[in-house]
Structures are given as C-alpha cells and as structure tokens.
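Following this line, the structures themselves.
The following pair of complexes shares a single chain, subunit A, combined with subunit B in the former and subunit C in the latter.
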Partner chain A sequence: MKTKVDQLTMLQYICILVNSTIGISVLSLPRWGATNAGTAGILATFIGLVLFFIFLMAILLITSAYPQHNFFEIICLHLGKTLGRIVTIGFSIQYVILTSVIIREFTEVMATTLLRETPVEITIFVLVLTVALSTQKSLIDYGYINYFYFPFIIIPGLLLISLAFPSGQYSNILPVLGNGITLSKIFITSIDIVILPFFQIGLFTLFLVIPNIKRPKKALKGGVIGWLIITMMIMLMTTVTYAVFGVEQIKDEVWPVLALTRTIRLAIPPLQRLDVFFILFWVITGFTTIFSGYLIATSFFAQSCRMSHTKLPYLFSPAFFLIARTFDNHVQLYEFMQQIGHITFAITTSLLMILVIITLFKKRRTANETPQ
Partner chain B sequence: MARKKTRSNPKQTDALNTMLKQGEREVDPNLSTNIDKLEGFFDRDSDFTVRPFKLIGKYPAAIIYLDSIVDKKGINQDILKPLMNQQSNYSFEALTFEQIKTVIYEELIYQTRGSEETKWTSIIEHILRGYTIVLVDQIKLAFAFDTFDVAERSISQPEAEQVIRGPRDGFIESLSTNISLIRFRLPVPSLRIKSLKIGQLTQSKVAVFYLDSIVNPSLLESVIDRLNQIKTDRVLDAGYIEEQIRDAPKSPFPQIQYTERPDVVVGNLLEGRVTIIVDGSPFGLIAPATITQFLHTPEDYNEHFLISSATRMIRLIALVLSLIMPSLYLAAISFHPELIPTRFAIAITSGRTGVPFPLFLEIFIMEIAMEILREATIRMPKQIGAALSIVGVLVVGQAAVEAGFVSPLTVVIIALTTIGSFATPSYNIAIALRLLRFPMLLMTTLLGLYGFMISWIIISNHLLSLRSFGVPYLQPLSPGNWNDLKDAIIRTPLRWLKYRPDALNTKHKQRLK
Partner chain C sequence: MKRRNKIMCIIVVTCLLLLSGCWDQVEIELRATIVGLAIDQADHHEIEEDYITHPEYRSANIEGLYKMTAQLAVPGQVALGPEEGAEGGAVDDNVWIVEGYGYTIGDAIQSMQQKLAHELFFGHLQVIIVSEEVAKEGLATIDDYFQRRNEIRRTVWLAVAKGDAAATMAVSPKLEQIPAIYLSTTLDHAVELGKFPEKRLGDFWVNQKSLGEEAMLPYIEVHDNNIRMSGMACFKGAKMVNLIEPYQVVIYNAVTGFNPSGANIMFPIDDGHILAMSRNRDVEYQIKLDKGLPKIDLHVSVDAEIREKSAFAIEINRAEDVERLNHHTEKIMEKDTKLFLQHMQQNQIDIFGFGERVRAKLPQYWDKHVQTNANWQQLFSQITININYDINFERIGIKSD
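What follows is the complex of A and B.
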C-alpha cells in the first residue's frame, strides 16, 4: 500500500508535465513554423499545441479507466499479455531513439555555445551518465526534482520574453494567416511541430505519473493547467521570436530563440552578455526533458519485466550514447528528427486511438451493466 | 525512597559468570568471602576501596566503592555515620531478615536512590557506576546507594554556537545536568526522556527526548528502532550515534542537526522533533533535520523578523557562493572571457601577467592552501592561532601576490569563498559544501560552464532525493509547503507561525489550542 508521502501531488505532476515538454527543442521551434508556413507559423504552432492537447486528453481518458495501473498493465488489459509486452518494449525502444535525438540536439546547442572545441562524444557521455545517475532515484524523487527545477525553467523563460519584447515589431508577426498559404499547409506544418520528440516525451510522462498521483481524480485538472502553462510559454516565446526577427531571419537561424538571447543587453556592466546565463538555465531545461525520456524508456522496459526502473539505469546508457553520436551535424540530426518523429507519431496515434476506442466501449459496457 | 532497577548487559554478565564459579552467582552470607570475591574481581585497582566497620557498633559490615567516582563526603555523612551510630537502639537479633532490610533501607540511611542486589553481576555494575555497596555479615544481600560524583566543568557559553542576543548556557558532558537544562526550560508533563544503553563495552547512557503530546509516533519509533540497531563497542560522543542512524550514510550532507544549546533543543522539541543526548557529550542530536534548519540560529527569533529574514538570506547566499564561486570564476576566465566586460578584462589580465600556473592550478593550490590554513587554525591554541592567521594573511595573501605566484583576483575569490563558508551557522553543512567544491572545480576545469551546470544538477538531485527520517531534505522548497516556508529561508512574524512544521506530521498541528 502506498502511503501519502510516496505519492505525487498535483503540483508535482504539473511541473513534470511542463518541464518534460518545454525542452531544448523550444530553441529551434520557431524555425519549423517559419520555414514551412511563414508568418502563419505562429498559428501552426498553436494548432500543434491544440493537437497536443487532444492527445493529452486521450491519454487522460485511457488512464482514467485504470488510474492505479501502469502503461504495461493497461496495454495488457486491452491487448493481452504477449502483445502488451511487445508493444511496451517497442515503446521503450521508441523512447530510447527519441531521447537520444534530444540528447544530440542538446549537445549540438552546447557545442555551438559553451563547448566549441570539446568533442560531442564527451558532452553526450557526461549527460547520459548524469541522467542515468538520476534515474536510479525513485519516481517520487522525480516529482521533487521537477518541482524544484520548475522555477529555474519558467522564470528565465519569462525574463527572456519580457526583455526581448520591447525590441519586437508588430509588423513582423503579420499576417497571422500567412501569405498565400492554404489552411491544409498550415495544418501539415502544425503536425510537423507536434511530432517533435519533446512533445511526445511530455505526453508519455503522464503514463508514469498518473498511477502514482495522490488524487487521480485531479489528473484532468492538472493536465489542463499543465497544458495552459506549456502553451503560454511556447506561444509567447514563438511570438516574441517572430516579432523580433521576422520570418526571413528566423529561417537563417538554427536556434532562433538562442539568437534571441543574444539580442538582449542590460546596461549593468557584468550582465552585458546574457546569453551564457540563459544557456545555463537551458541546461536544466534540457536535462528535465532528457531525464523524462530516459525514465520513460527504462520504466516501460522495467514494467514489462515486472521490476523497478531503479534497478536498470545503466542498461540503456550505451544505446543512448551510440544513437546520439551517430549524427554528423545538426542538419542531418534535424532531418532524422522529422523522419523519426513522423513514424513514432503515427505509431503513438494509432495505439492511442485503439486504446481510446476500447476504453470507450468498455466504459459504455460497464455503464450498461450497472443497474439503473 | 526511589528504587531503581538497572538492567545488566548480557555480554558482560556472561563474562562475569564464567569468572564466578557455578553456584556462587549470588551474595554469600559470609562477609569476608564476599569481600574476597570483589577484591578478586577488581584485582587491587588503585581506586577500589573496602571500608570495614561495625554496624551500630555490633555487627561486622563493610562498604565498597570506587573512590574516584564517588562523593566521599556524602558517604561519610549519609551512609557511614548513620550505620555506625552506636546510640542507635536497634537490636538486630530480635529482627527478621525482612525487617533488617527495612530498617537499613528506610530508617538508617539518608540516600535518595538505592536498591537491594543479590547478583554479583549487578553489584559489580553498580560499583562501576559510582554506587556504594553496603554488605553486612550474615545477610545474603547487598545494598547499593547512588553516590556517583565526578568532576564536571561549569555551564558555559557554547563555543561553536555563539549568539549576540540569546541565552548563554550550553550543554556540558554530564547527562543529568543537560537534562536539568532542558527541564528548566520545558516544565511540562509531556516531556519524555527515554533512556537507552548503547555500546557493548562503554554501555553509554543515551537519552531520547520528545514531547509525548506532539511528536509523531512513527518518527519516535524509527528513532528508537535505529538506536536499538546500533552495533558498536563504544559510544564516546554523539557523532558515533549520528553516523549510524542517518538515512544515507554515504552522503556528505548532515541529515541530523547537532547543537550545544538547550534553547535550540527545546525549540525543536516543541516543533515535534526528537533529541538524542549521549552521556559524556555536550552535543544534542536533533532529528529529523532539513537543509533550511542548518541556516537557522536561535537569534533569528529574537531579532526583528525583517532583519532575521535578511540575515538568513545572506547566509544562504554565502553558503551557495562557498560552493560555486571558484568554479564560476574559473569558467568565466578560462572558458568564457566574453562574459567579462572589457574594463574588467583588462584589470584581470594585468593581474594575471607573470603568474606561472594555468588558472585552474592556481585556484587548486590556493584552495588547498586555504584548507591547510583553516585546519591549522582550528587545532592551534588561541594565542598561536592569532599569530598563525597573521602569517597566513601575510604569506598567502600579500607575499604570494607580490611574488607573482597568484593573481590578486584569485586571492579575493578564494577569501570570499572561505569567509562564505564560515558565515553558515552549522559547521557540518558548510564543510560538506567545501568538500563538494573540489569535484565541482574539477568538472568546471574539464567542461567549463557545462561541467559546472552538470555538477550543480548532480548535487541538487542528490539533495532532492535525500531524506532525514523520511522527511525530504529540501522540504519546504521541494516538495513545496506554504506553511513551512514561513520559517525556512525567511522568518515571518511569530504570530504567523501558528502551525508546527507540516513535514513532521505532528499530533497537534496547531501550536496553540
């Protein structure tokens, strides 16, 4: 029996959701929209977030039927044991790949900002080791860690937005519907955005959190609040980046939000260059997302073997390391990110759809069975 | 008259039993046989004393004690004098065995604490604890009276926890005096003092203090449980216990607070914590402890809340700076010179011209020099300590800079770091962060700001997963708690502090009924 102390509170759950979703990929986010949809990129990002919300609700619906069960148990209940195990291990592998991509993206950012001469292998190795070290801790520690880091992620983000806001130009974000772009193109762009690995990681943290939450009935409320915070942060950041740079300049930047930090300047002498300070906080942001991805991968695997994830933190580290170091540069990385994103997104969507349909049927049946 | 039964240690009992032959485990009616047996056991120890006398001038008897740990005046006045009083008109011949016992116990002797013993093991244990044993010929019984008295130092101001405004008394080595200091401040019936004996050889008395009406029973249970599980031959100070009952023995961070101040103990008891005091140690252990507690001083509650809050924040900043300052300095100069404004950069480079070492080596050398200096000053007698600090300041500070050995800015940074760690009220947490400064410095040397951030994350994650008796170490920062935040980093007005810390799960949350 879990005691009160061993369970996550709603605030911790919101923090996990927000920290896992807002990751290092936010730095490149405005570029995806700008390249494919021009000024309509802002709208596309928003539609992407709405899609994200729909997926969030789907997971909340699936878990609401079995609030005490973990991912593997839910899948087994719906699809049977053998298939359940295959699917769970499959998802574990999927998250190894997605997280490795983010690890590489993180090291690419580090390589361009902080460690220009250090080989990426070392950066990757240190990061994977740090995350593995943290994965040894229990899920409740995961909640504490995310709760603690939440302000370090939100406050610098808001600071960045408010400092960059004055240099933005209203005309840069217009027209909101884009120039000569069809609605379907905007929609495709928004799918391109929502397939980004960090959204998928944020989404699946729910499967880890909800079985351990103190009041499962509040999961929906927490999910909505979490989504609102994510949407606010991402939309503000994207809009301000568009407003400051305009579409054409965003297209030229690999990480437009990072470029945004370079434009900020305070008159106080030691703080003339703020970008490095922001990078320090981006390390935390990146860490929380990668930590969640790593935890999802190891937990799913551990669940399918019916053991605790704390026992195998180092099992996957070579896989993360090897996948993350295969890319030659960020161009290749982002190409792969789109491809793998589309595939995993299709898999996730189909699985969630099946689960939602089964859940709805089961719910109707139980509703019919209960005497009026 | 209070009679107290003392439990004997099974191991020692075994050893004694093998020494004493079968059938001789109990007191013999013959006085001289008994004395021989005890003399054999103590083997003419220099302080072992046997004083034969005639009970009310008629019956052969003897008192036995270790004269190094007894109050001789008390023995003369309250044991020997009444027992040898010839004016006494008792005639033991007419009395039964039971009646003699009662007469000696209830009518003759003036001692508050005494007992009747028949087993040798227990008699020997009593002698070793400063009791005086009275043996009477033809009586198969020994009377033990508490005459324990050893030299104690007087109550003085705690050296390690001085305050400007606050009580000046501190614990001493004697447990009973320490208990009196706590009782004096906390005259409530629900104060419980549970006594344990720990250490197979030393049999040290350990007292667990708690307020029955407040403390969380499961916390108390786990404290007692962990104390009972301690396996050691000796407990010479509170530290021996602290190490064996903490949640994560490998962590450098202290998970139990220690204090020399009775007022701190009382304050913590009232919040629902448990205090452990070992006989022979002037330190009380307070459990559970969270990180913010180590930044508090008793003065915080005496000064105005705004001032207390400000000083607490200063302490926190000092503590954090003592960990990160050298690493940040190293990262800024070696990896990210673009961070430094031009005017500063010129000053720094001119200071560094001629310094033969790379910066990280310079910092490492200075840090180690500083640690040596600190360690030396602690051990030195006060008079030499002053001379040493002058030498330290002159040699390490000025001469090293003038000789072009280190740059002035490095000296400033290292000095600030060291002072920062001394600004923390608790020595044990300051020393933990001082230690962690070195791995952090190493990581920064290798990986710059990235390495710095990674070590910061590792340290914070470690802190976030630490528990002290089940209470999260960073409570109330994470998991957050609004009520507990009122007295953590800042100190809100006392009238706002209506509730005891939530983290402790006390019986009565509200301080006032």
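What follows is the complex of A and C.
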C-alpha cells in the first residue's frame, strides 16, 4: 500500500499532462495545417484536439476500472500475461522511437538556430543524459519537476501570444472552412496533426500518472482541465501564427512559431530581443515532453519485468541516441515523423479500442451480476 | 564508496569540460557585425574580378548581377550612450565599408566574406537598402537568402532607394554614429509619426506571398546629405512596378485604418488652406456580392486636429464652422481617395489587401472565380469600391479663432 506522501497531487497531474503534450512540435504545428488545409488548418487543429480529447477519455475510462493498476497490469488483466507482456514491450519500443524523433526535432531546432557549430551528436547526447538522470528519480519527483516547470511554459507562451497578437490580421484566419478545401480533407489534416508524437506522448503519460494520484476519482476532472489548458495554448498559438503570417507565408516556414518570435519587437531596448527568453521556453517544453516519452518507454519495460523504472534509467539511452542521430536533416525527419506517427497511431487506436470494449463489457457484466 | 565518488568526480569534470558548448562560442571582437546592407546592380566587368562560389565557365546562364555594400560596426569604436567630449569619432572611424559582387545575394556575400578575416554576423542587421533598378528586376532571389538565415530578424527594414543604394546608406547625418542605424531610426520614427505604414522585411514577405495583397516598401532618396521619405514603392509579386506619393500614402493609411496616425494634409477652404493632422483612424469594411462581382463599402472615421489655417477669412471659432469644416474635408478626402483607388485599379495593383478580405468573407466566390493572385489583380480593376469618410475635428489648438 502506498502512503499519501508518495502520491501525486491533482495539480501535479495536470502539469504533467500539459507539459508533456505541449512540446517542441508546437513550433511546426501550424505548417501541417496550412500546407494541407489552408486557413481551415485552424479548424483541423481543433478537430485534432477534439480527437485527442476522445482518446484521453478512452484512457480515463480504461484506467477508471482499475485505478491502482499500471499499464502492464491492466493489459494482463484484459489480454492475459504472455500477450500482455508482448504488448507492453511493443509499446515501450514504440515510445523509444517516438521520443527519439522528438529528441531529433529538438536538436534540429537547436542546430539551425542556436548551436550552429555544435555537432548534433553532442546535443542529442546531453539531452539523453539529462533525461536519463532525471529518470533515476521516482514518479513523485517527476511530478515535482513538471510542477516546477509549468509556469515556465505557460507564461512565455502567453506572452508570445499577446505580443504577436496586435500584428495579426483578421482576414488571415478566415474563412474557417478554408478556400477550396473539402471537409474530408480537413479531417485528414486533423489526423495528420493528432498523430504527431507529442500528442501520443501526452496521452500515454496518463497510464503512468493515474495509478499514482492521490484521489483517482478526480482523474476525470484533472484530465478535462489539462485538456482545456492544452487546447487553449495550442489553439491560441496556432491562430496567432495564422493571423500574423497568413497561410502562404506559413507554408514557407519550417518552424512558423519560431519565426513568430523573430517578428516581435518591443520598443524598450533591453527587451528588444526576446528570442533568448523564448529559447528558454522551447528548451523547457522540449525537455518535459522528451522526459515524459523517455519515462513511458522505460516504465513500460520495467513494468513488464515487474521492476521499478528507477533501476533502468540507462537501459534505452543508446537506442534513443542511435535513432535520433540516424536522420540527416529536418526534411527527412518530418517525413519519417508522419509515417511513424500514422503507424503508431493506428496501433494505439486499435489497442485502446479493444481495451475500451473489454472494459465496457466487463462493467456491464459486473453490473448485471451485482443484483443477483 | 569513496572510490565511486572519485569516479563520479572524474565523469562530472570531463562532462563539464566537454559539454560546455564551446563550439558556438564567438568573441564579440571576432565578429564582423553588419548593421546595414545595400544592394545595387553591378556590371559584368566588376563581377569578373570576384568569382568565389563557382568556376568561371559555370556563370554563363546565371542572370542578375549584384553589388553588395555592407556597413560593419567597428567594435570598440561605437560609444554607448551620448558621446562625451567635443571630439566624437568621425563616421569613417565607426564603420567599415566592404563591397562584394556576385550573381546572387549569397554569392555576393561570399565575395564580401572573402575580404574579411572574421565571420559575417547578421544578428544586428538594421536595414537593407535596394536600389530601384534591383527592385524593378525583382527581389525574389534576395528574399530566399535572408529568409533562410535564422539570425536575420523579420523586423529589419527593407527600403528601396532612388539611385545608388550604397550612396544612400552612406549618408551620414550628425545625430547618429552609424549611418545605417540613423536610417533605421528614421524609418522607425516615420511610422510613429504616421508618415507611412509599418512595412518591414517580414511584412514584405507576407504581403508578397499572399494571394490578395501586394507588397509595399518605403522609398527613400538622398537630398543634400539628408534622407527623404519619398513615398512607397509598390510591388507586383516580387517586382517593383509603381511609386506612390507621400500624400497618397496618407490616403493608403486611412483606407487600411493604420495607426499610429499623424499625417498632415492641406485642405483648400474658402480663400485659404487648413492644415489638418489625423489623430486616430478607424475603418470598417463591408464586402458584398453585387451582380456577380464583389462590392466593397469603406467607412473611414478619422479624428483630426487643426494645425494651421492660412487666411484670416477662414472662421473656425463657432461650432457650426467646425461642422462645416468636417463636411468640407470629408468631401475632399472622398474625392482624393476615389482618384487614388482608380489609379491603383487601373494599374491592377491591390496594395490595400481587398483581395484578402474578399477571400476571407466571400470564400465561395473566391474558390469559383478567383483562386490565384493573377486573377485577383485582374478582377480588382473591375470591382466597385465605395468610400465614405467621417472626419471629426477633435482639437483646434490654443488659438481662439
């Protein structure tokens, strides 16, 4: 039995969800929408977030049946031990790949903007090392780390939005349904958005967090609040980027939100160059997402061996490093990101669907059994 | 345990030494900081001496010849804050001029780099000036280079100069130590004073790519060792096609509802003139489909201030006089705006962004009939634009009549 001290508070739970989901990929997010759906990209992003909400609810439903059990245990209860172990290890590998892609995306941003001379291997190595060191700690520390970094993500984000807002053009975000875009195209675009690795990482952090929160009954409420914060941040950031640049310019930018920070100008001399401040923002959002992904991969594997994740922090480090450094450039990286995103998304969807069906079925059976 | 600590110590110290990010460390003195760039057209003769990025035989098919002039800030020479003592450093001491020639911008910059010991640094770039000739040839190749480099800010000023761009950048007034910085300050203040809309490098790219709005850039010329704002250069795609006069820029600002305002316009009234300054502008658009064509109704509200009247006969000391003045100036502005709009429609240059509004408000019409920028420019010349002013003199000044 876990003591109260070892458990995560509701606030920490929300912070973990928000920090893990808002990641470095937000920088390129408006581009996916703009290239495929024009101004309807904003709507597509929103639909993507609604899909994300549905998945969030699915996971909350699955875990609500067994609030004290971790991912591996739940899978085993539903699918049996052998299959459960295979699935859990499979997911562990899936998150190694997804997180490596994010690590590389982070490194690409760094290499193009800030650390131009530093070899990418070094940036990747340092990042993996930092995250591995943090993974040595328990989930409680994970909660505290996210709790601490939460304001560093929200405040600069809101500041960026409010500073860029005045230079936005109303006509750039209209029409809502796009020019010459079919509804199915908008929907496909929203799928392209929701498959991005950072959404998937945010989603699965729930499996880590829920067995360890103080009051599992409030998991649903926390999930909804977390989702609202995520939606607000991502939608505001996307909309402002569209409003300032317009679709045609966004198509031309690799990281439109990063370019947004370069268009902001304040008259006060020491604040003229706000880039530095926003770099802090990207580093932290990147770090928290990568940390979560790393933890998911390690924890799932540890669970399947009935161990604590703190024992194996370096187990996957070489894998992360090697996968992250295979890419040559961001063009290759983003192509791969879409491919792997679609595959893992399909796997995740099918697993969650199976689990939801089994959970509902079991609930119904227990409901039928109780009156007898 | 002790041994483990020792090993940890060694690892930590090695990491500290190896991972401290020394790759990207650059001393400030070892940077060639560019503050201003001027781009002119060069002739073949000049380029032939400056092949850098390719062998001579491969240059046959490349079009465009550029001469780049960079103004570098000399570290240590530029005083921070006001200069002390009577002997200020001459402009020639504060800046260093480097020239480069090439077939593209990157080529020309490389040729400049070839003449410098330190690496060129664009992070402090304030202003890019292109000559009218280059602007008329098109700025597409220029865009690519500057957009690809991350350190160049989108708030850099891009301006078109009449005549020689390098000469324009070299104009050295007494107020600033570095001519390029004076130039960018001039442009900054011009916006604050309402002389022209804020069209920086980033805005230029956005407008140039947008389907329903053409780009504009400030147009400057040298007037006896001074920089004169001579209007705005209009672009069609990436090529400069037209020039609008300063008084037309004021109308442009009114039509787009740009603030801060502060432009002065002279209005003839009775036997004299009134000089009015706008204080605040506001514009409302109504876009409807009328007989198969978009119809735009503009309602511009301006809060104005009387700065000067030229004749004694003009009376403005009664409420009805001011009211009369409001109506009178509204009529004149409506006429001027109509003329200006007609002129732009004839040239098929939509600098006002009407197309963007049509795309936003009438998406079905746009999808069916317009779709591209070229189609819109053609359609722009056919549409009806009604303009209606509401000028309100809020301030009269401290003189009573």
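Of note:
The working rule: the second predicted complex is superposed on the first by the 371 of 372 C-alpha atoms of A that agree within 3 Å, B and C clash if a C-alpha of one lies under 4 Å from a C-alpha of the other, contacts with A are read in each partner's own complex, and residues count from 1 in each chain.
Just so we're on the same page, a residue touches a chain if its C-beta (ideal position, glycine included) is under 8 Å from a C-beta of that chain, and two chains touch if they have at least 3 such contacts.
Here the structure is a predicted model, which means the values were calculated and not measured.
Once chain A of one complex is fitted onto chain A of the other, the partner contacts of A:126 extend to both subunit B and subunit C. By the touch criterion defined above, A:284 lies against subunit B but remains apart from subunit C after alignment on the C-alpha atoms of chain A. By the touch criterion defined above, A:137 lies against subunit B but remains apart from subunit C after alignment on the C-alpha atoms of chain A. Contacts of A:171 after superposition on the shared chain: subunit C is touched, whereas subunit B is not. In the superposition on chain A, A:118 makes contact with both subunit B and subunit C.
In the superposition on chain A, contact of A:265 is made with subunit C only, not with subunit B. By the touch criterion defined above, A:11 lies against subunit B but remains apart from subunit C after alignment on the C-alpha atoms of chain A.
Judged by the touch definition given at the top, the superposed model places A:245 against subunit C, while subunit B stays out of reach.
Overlap of the subunit B and subunit C contact sets on subunit A: residues 114-115, 118, 122, 126. Taken in their complex, subunit B has these residues touching subunit A: 335-336, 338-341, 343-344, 447-454, 457-458, 460-461, 464-465, 470, 472, 474, 477-480.
Across the complex, subunit C meets subunit A through its residues 15, 19, 21, 23-24, 147, 150, 153-155, 202, 205-206, 209-211, 353, 356-357, 359-361, 363, 366-367, 371. Within the complex formed with subunit C, the residues of subunit A that make contact are 39, 112-119, 122, 125-126, 129, 169-175, 177-180, 244-246, 248-249, 252, 259, 262-265.
The touching residues of subunit A, when paired with subunit B in their complex, are 5, 9, 11-12, 110, 114-115, 118, 122-123, 126-127, 130, 133-134, 137-138, 141, 143-145, 147-149, 269-270, 272-273, 276, 279-280, 283-284, 287.
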